[in-house]
Structure formats: C-alpha cells, structure tokens
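Below are two complexes that have chain A in common, paired first with chain B and then with chain C.
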Partner chain A sequence: MSKLIQAAHLFYDYLIRDENDNVMATEPALSDFSLEIEQGSFVCLLGHNGSGKSTFAKLINAMNLPKEGTVLVAGMDTRNEDSLLDIRMKAGMVFQNPDNQIISNVVEEDVAFGPENIGIPTDEILRRVDEALHKVGMNAYRLKSPNQLSGGQKQRVAIAGIVAMRPECIILDEPTAMLDPTGRRDVLEAVHELNKKEGITIILITHYMEEAVDADRIVVMEHGKIAKDSSGRLMDDTPREIFSRVEDLKRLQLTVPVITELGHELKQAGIPLPDGILTRDEFVQELKKLRK
Partner chain B sequence: MIRDITIGQYYPVDSVIHRLDPRTKLAGTMVFLMSLFVTSSPVGYILATLVLAGCIRLSRVPFKFITRGLRAILVILLLSVSFNIFLTPGEPIFRLGFLKVTKEGLLLAGFMALRLVYLVIGSSLMTLTTTPTQLTDGLERSLRFLNRFGVPVHDIAMMMSIALRFIPILVEETDKIMKAQTARGADFDSGNLIQRAKAMIPLLVPLFVSAFRRASDLALAMEARCYHGGEGRTKMHPLQYEHRDRVAYILMLVYLLVMIATRFIRIPVL
Partner chain C sequence: MSIRAEHLSYIYNEGTVMETYAVRDISFEIADGSFVGLIGHTGSGKSTLIQHLNGLMKPSRGTVYYNDEDIFAEGYDLKRLRGHVGLVFQYPEYQLFEEDVLTDVMFGPKNMGLSEEEARKRAVEALHQVGIEDEVFVRSPFELSGGQKRRVAVAGVIAMEPAVLILDEPTAGLDPEGRREILGMVSRLHRERQMTVILVSHSMDDVAEYADRIMVLNHGELAYFDTPREVFRHHKELETFGLSAPEITYLAAELADAGFDIDRDISTVEEAKAEILRIMGS
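Presenting the complex of A and B:
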C-alpha cells in the first residue's frame, strides 16, 4: 500500500496575543510529530483535549501550515500554494458542529457546494450529488432543508458534501461529539461503508473509545506527539494492542471501552482473561473458554 | 416576535412560482413594490390585491405562513398609521382632544398600511418560494454588471445567502439563551422600555459570541471545501430562462403599465 499522507517532524505553535497584537506567549501544539498514513486505511486519532489532534488534522489539508516540517498529501507539499485546491479536494474535512458547516438551505445544494467550487461541469455535479447522497443513505432527504434534519442526518449530509468532491481521504474531527447515540451509529456506519466500499482513507478524531475499536490503527497523541507507553513503545498500533495497555491509557486521561475495562478488572482480580478484549461477543467467547 | 420573521425561510413545495427563474421573481418583486408606490387610487390597490392573491394561490404556500412575517412589522405599521391619521391636514371628521382625525388622513393611513403589508407579503413570497442559493444566483446574475465598478457582487451575494441560512439557527439559539437566562432569574417581559432594553444585554452578549464562533467555523468549513471566491465556480442548477419566465415578464409589464395608468384615471373616491 502506498502512503497517502506523509507528515515528518512537524512543529506548530499557537500564538497568544495581547490587546496590541503583540505575541505574549506561544503554546506549542505539535512538536516533532511524524506520522504516515496508508492509502485505504482507517486510522483513529485519540488524545485528551489539547494533545494536538485537531491541529494535525488542519495541517493535512493546508488549513494551517506547519512552522517546521513537511506534510505531503499524495506527494503534494501543503506549502505549495498551487496545489492547495488539489490537496483540499483529495483530503476533505468534516467538523464537529453539523450546523456550522452546511452552507445551503437545501440538502442537494449543499452537497453541490464543493464540486461547484472546483469548477465541475453541471451534469457531472448532478451525477456526483446523486451518488454522494446515495452513499451516505440520505437520498430521500435531497430536497429537504437542513433545519428539518437531525444532527446525525446533518452530519451525513456534510460527509456527502465531501464525498461529492471524490476525495481519497476524509478527516473527521470529532464528528459525533454533538450527536445522540442513534445519530452517532448512523454516521459511523456511513464512514465505515465509505472506507470499505470506496476505499477512502479515513482519519477519525474522537473521544469515544467505542468508535476507535473498529479502526485499522489507533494513534494516541499527547503534548503534540505520539504518546509513549510505560515501556517506551509508541502508542501507534492496532486497537487490540492499544486497548491492552489500559493503565497507559488511563495515565493519558483516556478511557477504554467498557467491555475492555471489565476484562481488565477481572484479570486484575485473578481471572485469566487475555488483554485487549474489544467486543461483547469476544468477551462471551473468552468466558466460555474459561468454563471448559 | 423574533420567531415570526418569515423572510428568508424557504417553503419547499413544487409550484409554478417556485419553478420560475429567480431573476424573474426578483424582477417581479421589484415591479410589485414599484407598482405599490406608483398607484394611489383604490382601483390600483384592488388590482394589486388581486395579483398578490393570485400569486399566493399559485405558489401553494399556506396563507398563514405568509402573514406570519407581518407580526414583525406591527409596531412600524401602528406608528405610521397613527401618524398619518392624526397629522394629515384636511377635512376633519371628529376630534380627540387636540388630535384631529381627517378624511384624508384616514385614507392615507389606509393606503400606507396596505403598502407596508403588501411590501412585506410580496417580499416574503419571493423568499418563501426561492431557495437562498437560487436567490443568490439570481442577484449575482442580475447585478453582475456592477462588477465593472468594483463592487464585489459574488461576495455580497454569498454573504446574503449565508445570513439567510443562519437566521433560523440564530433564532433558535436566541430562544435557548432566553430560556437559560430566564431559568437563572432574568426577566425579559416586565419593566419599562429602558429596563427591557437593559435586560437584553445578557441575551445579546452570548448570542454575539456564538454568532462569531459559528462564522469562524463556517469560514473554515467553506475553505476546506475548496471555496475560493466566485472565480471558476460552476453551478449545479445554472440559471436559464424558460417559456414560463417570458410569460411572467410580459404579465409583469402589462401589470406595471396598468398600474401606472390608474394614476391618471380619476375615479371619484368615496
């Protein structure tokens, strides 16, 4: 598999300014952060608030530029202004608040916004909008106003708006934080579908550990770089490996899925369960094995 | 009161009026507004009423929905009506202390009220039957010539359509903040005008903060979706005049001419 995103030695600071616009202090958000993401993979970025996840996300599609280091998206440097639109086309971004990223009062017009911006001909736009709405299961709401939709539906419209640009990668920055459980499930289902069927690379930033379980790879961030566990290994691995390190995650102010936590507690209490149980089914299987 | 603003709320049904080109509807609204100021005879107003009623009927937007916008201008309406009733010199009908009600005043007030009401209904009808994007497109296309004079037509049109999109969201938010502040003991409904205005401060501050945050989020989202101004943009639904638009333009012209004509036809009033 080829590398879609190559980030090397990134540094990024937020500047805190006083009333006269003089820089008072700098708040480092990324410090020597490197990460490569494979085409077609589903990567989940975890980390508590201020660990640099969103900062990294904004560097990928050139919303911000790194102070030091380079980001390559499909081989294009984000510093190069000529490839700005190409990069944003390749790496689309979905934000937390569904209301603040929908531009139009009609669903289909909103989905068409991206393709319109990049100058796609009219009949091609119609085809893409159709396709994108089908892919996220929102075709029935095509002519509705976003105000009539639930949060989860609005978020799926926002995803369709990105899909219509035919991206290779979608970055989702806490897309489910403002949704109810049903909306959350629908959005994740749509995202997984896009990953499996269309081969779109997904970078999911989330606070919900249950959402990270189904990823191909989890990267835990802390203080602007990839976190290390107690034995010095980078916290960048499969969900099973990451969630085996319950104590490390807790130290990083993160939780683990409830079922993993339960397995961990039982193991601590002397029951010989394996580490990193991720689903309820798995848990049941392991318990059955013990009974034999 | 704030919930009653219907301007900028699209009512999604399929009708002839909905399907008209936004430029046609813009022109139609302009013609209608102009006609209200051109005419001054009852015949003119009767004609305007008929035309407006016909358009509402054709648009299939419920009448109740259209008139909701009127509540927002109630204060202005009452003010202008009372000024006209009491301050127009002419043949007195009766006196109320130092105030004198004249026949001319009553007539003028009536016409004034009708004008205002029709003005709001006419423009609401346009926004109710045109999606903001269409409206923007229409404005952008009709005003494109201003580009030559350095007016950023596309940007203004975009700002307008975004403002329209966020009206219902901000209204909802105002409602939420109001309830939150009421729950903490704020009082928006009693006291004199100054006290009430002061009571609005704890409402407006969070509303502004949130509006700015939304604006910043939206700008980011638009940039992420490759927005870079009007240059090189294509359209999913490019504007194209159809047969019905040509018919509409002819009808508009006829209507306007008739309305101008009513100015010169003297019909004894009352």
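Presenting the complex of A and C:
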C-alpha cells in the first residue's frame, strides 16, 4: 500500500501573546512527531486533551504549517502554496460542532458548496451531490433545511460536503462529541462505509474508546508525539494490541472500551480471559470456552 | 422538599400552523437528595425542561413547584430560586468572563447580595471543592485547560450553595480523564453535601453508573422515570427513541441468551464483574 500521508519530524508551537501582541510564552504542541498513514486505512488518534491530536490534524490539510518538519499529502508538500487547493481537495476535515459547518438553507446546496467553489460544471455537481448524499444515507433529506436535522444528520451532511469533493482522505476531529447515541452510531457507520466501499482513508480523532475498536490502527499521542508504553514500545498498533495495555492507557489518562475493562477486571480476579477483548460477541465466546 | 412539575408544556408558535411542543404535559417529582440522569435524543426537550426548573423559561401550560411553592406565581422571588437551583449550561466555559479565576467564581454569590468577603469565602470553598488549587486562582480563566475551565464554571454555580445542581451535558468534548474528574466531583457534592443532582447526558454508561433515577424524554414527552435497572430493561424501546442501553446491559442479555444464568438487568462494570464471578463459581 502506498503512503498517503507522510509526516516527518514535525514541530509546532502555540504562541501565547500579551495585550500588545508580544509573544509571552510558547506552548509546544508537537515535538518531533512522525507518522505515516497508508492509503485506504482507518486510523484512530487517541490522547488526552492537549496531547497534539488536533494540531496534527490541522497540519494535514494545511490549515496550519509546521514550524519544522514536513507533511506530504499524496506526495505534495503542505508548505508549497501551489498545491494548497489540491491538498485540501484530497484531505477534507469534519469538526466537532455540526452547527458551525453548515452554511446553506437547503441540504443539497450545502453539499454543492465545495464543488461549486472549484468551478465544477453544474451537471457534474448535481451528480456528485446525489452520489455524496447516497453514500452517507442522507438522500431522503436533500431538500430539507439543515435546521430541521438532528446533530448526527447534520454531521453526515457535513461529511457529504467533503465526499462531493472526491477526497482521498477524511479527517474527523471528535465528530460525535455532541451527538446522542443514535447520531453517534449513524455517523460512524457512514464513515466506515466510506472507508470500506470507497477506499477513502479515514483519520478519526475521538475520546470514545468504543469508536476506536473497529479501526485498523490506533495511534496514541502524548506531549506532541507518539506515546510509549511501560516497556518503551510505541503505542501505535492494532486496537487489540493497544487496548490490551490497560494500565499504560490509564497512565496516559485514557480508558479502554467498557467490555475490555470488564475482561481486564475479571482476569485480575482470577478468570483466565485473554487480554484485549474488544466486542460483546468475543466476550461471550471467550466465556463459553471457559464454561466447557 | 422537592422539585415538582405539574402538566408542564412549552409550546413554540402557539396557535399558528407552526405550533410545536418542546415539552408536552410533563409531571414528576424529584425528591431531595436524589441523583437523576436525564436522557433523550437531540431535540427531545431536555434543555427546555431544565430551564423551566429554575424559572429561566416560563411554561405555556402547567407549572413547577419548588418546596411546594409555585415558582411561576405572581411575586415569587425567581432570583432567590436561582441561588437554590443552580444550572450549569452546556459548554459553560464559554461563559467565563472575568480577569482571574477567583473573581469569576465570586460573581454569582456577589450577585446574590453577599458581601465581598463572604463571596470570596464561598468562591474559595467552591474552587477547592472542584479541585482547583490556590495557585490557579489568580490566573486568567482563558489560560486553563478544557477540563479546568469547565470545573471553574461549575464552581461559579456551586459557590451560590444551591440545594439542587442541574448540569447540561457537563462532559461533552472532554477526554476520559476530564469526564472522570467532572463526574467524580458531581458525585462527591451529591454525597457530601446531599445536593440533589440532575445530570443531562448522552452517555448511558455514565448515567447507569451515577444516577439512582433516570428520566427519559422522547419528543418532548416523559417516557420513563424510574431506576436505571427498570429503565434499561426497556432497551428495545430506548432504541426507537434514538437512545440505547449501556454496553453492559447488552452484554448481560447476550450472555443470558447463550445460556448463562446471569441477571439481565445489570448496567455497570461493577455489577457485571460480581455477576460473572458468581456464575463462574469463584
């Protein structure tokens, strides 16, 4: 598989300014952070608030530029201004608050905004809007006003707006933080569909461990770089491997999915369950084995 | 002593074709010292309902009684009520505005008419209660981390020493540690100060763990008001409301279906651990 995103030795600081705009202090957000992401993969970024996840996300589609180091998106350097438009078409972003991302009064117009902006011909726009709304399961709402939609539906419209740009990668920064359980589930299903059926690379930032269970890979961040576990290994692995390291995650101020936690607790109480049970189904199967 | 709603309705655009009920004919009584989890899909009326409980919104029909007094009656002192029934809005950190943390938290008590000295005492106490240390008091609230800001905002309400604390999705957008801090703090206030708590949440796992009663709203109507055990027993109905049950409740059902002799109506990791240790005979 080819590397869609290659980030090497990134440094990024936030500058804290006083009233006269003089820099009072610098707050390092990324320090020597390197990460490569394969085309078509589903990667989850975990880490407590302030660990650098969102900063990295904003460097991918050139909303911010690194102080040092390079980010290549499909081989294009984000510092090259001539590639800016191409990069933003290839890598689209979805944010936490659905209300801040919707601009039109009609769903289909909102989805058409991106393609219109880059001068796509009308019939092609219509085709893309149609396609994009189908892919996120929102076609029935194409003529509705976004303010009649629930949070989860709005997020799916926001995602459709990116899909209409035919991206290779979608970066979602806590897209479900403000949603109810159904909204959360629908958004995640839509994202997984786009990954599986369309081969779109997904980078998901979340604080809900359950949402990371179905990723191909989890990268845990801490102090602006990839976190290390107690034995010095990088916390960059499959969900099963990462969620087996319950104590390391706790030290990093994270948790594990509820089912994994239960398995871990039972194991400590003497029930010989394997580490890193991720789903209810696995849990039932493992417990059945012990019954026999 | 309690909060009681009687046939409470709030109607938008009443008498027009656009007439919609945000909440419809809701009646309940919340006893002193209880911990209520309020759940419902987005737009189910949760935020509208809680704003009636401290008189920020006026009902179209019905009313609210606080300690048997009708809070919407002529001459009722709503300002005093808001000192008793404290409301922490969603994303309360956006409401921080003072130059330093301590002054910000003093705003509420001062507004209630307390002296500078008394307000300061209350603010210091409230900040300690939410786990903010003295050296942070002089800092600008805008320099703090997300979890800290939110705790300062909660302190601003606690400093008024309310008997009832209502929180609208206090953990939205926080990382697991931030969520644990906020919920741990709320649970401590509930235990140590016998504060009545109403917690609006989208996390079924959180309400299962902390609440002793759960109130479920669906399209503005009160669908259930019962113990977590009873409410989550109806997980199929909850799903049709856009909600779900805690993961553990689903796991218990799947284990029971697979022939394990397990209590189906559990909802927390602790309960599941005890049940599984029991059925595995150790």
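In this section, the second predicted complex is superposed on the first by the 292 of 292 C-alpha atoms of A that agree within 3 Å, B and C clash if a C-alpha of one lies under 4 Å from a C-alpha of the other, contacts with A are read in each partner's own complex, and residues count from 1 in each chain.
Going forward, a residue touches a chain if its C-beta (ideal position, glycine included) is under 8 Å from a C-beta of that chain, and two chains touch if they have at least 3 such contacts.
Just so we're clear, the structure is a prediction, and the values are computed from it rather than from any experiment.
S.K.: What is the contact status of A:101 with respect to chain B (first) and chain C (second): first, second, both, or neither?
M.R.: The first partner, chain B, only.
S.K.: Answer with first, second, both or neither: which of chain B and chain C does A:145 touch in the superposed model?
M.R.: In the superposed model, A:145 contacts chain B only, not chain C.
S.K.: Tell me the contact category for A:284 with respect to chain B and chain C: first, second, both or neither.
M.R.: Second partner only, chain C.
S.K.: After the superposition on A, what does A:167 contact: first (chain B), second (chain C), both or neither?
M.R.: neither
S.K.: Check the residue A:109 against both partner chains and state whether it touches chain B (first), chain C (second), both, or neither.
M.R.: first
S.K.: Using the superposition on chain A described above, determine whether A:258 touches chain B (first), chain C (second), both, or neither.
M.R.: second
S.K.: Mind working out whether A:177 is in touch with chain B, chain C, both or neither, as first, second, both or neither?
M.R.: A:177 contacts chain C only, not chain B.
S.K.: Show me the residue ranges of chain B that touch chain A in the complex, using the header's touch definition.
M.R.: Chain B residues touching chain A: 10, 12, 131-133, 161-162, 164-165, 168-169, 213-214, 217-218, 220-228, 232-238.
S.K.: Which residues of chain A touch chain B in their complex?
M.R.: 61, 63, 85, 88-89, 92-93, 95, 97, 99-106, 108-109, 112-122, 125-126, 129, 143-145, 147, 158, 161-162, 165
S.K.: Sort out for me which residues of chain C touch chain A in the complex.
M.R.: My answer: residues 40-43, 143, 145-147, 172-179, 202, 204-205, 239, 242-244, 246-248, 250-251, 254-255, 258, 260, 269, 272-273, 276-277, 280, 282.
S.K.: Which stretch or stretches of chain A touch chain C in the complex?
M.R.: 16, 47-50, 96, 150-152, 174, 177-185, 207, 209-210, 253-255, 257-259, 261-262, 265-266, 269-271, 280-281, 283-284, 287-288, 290-291
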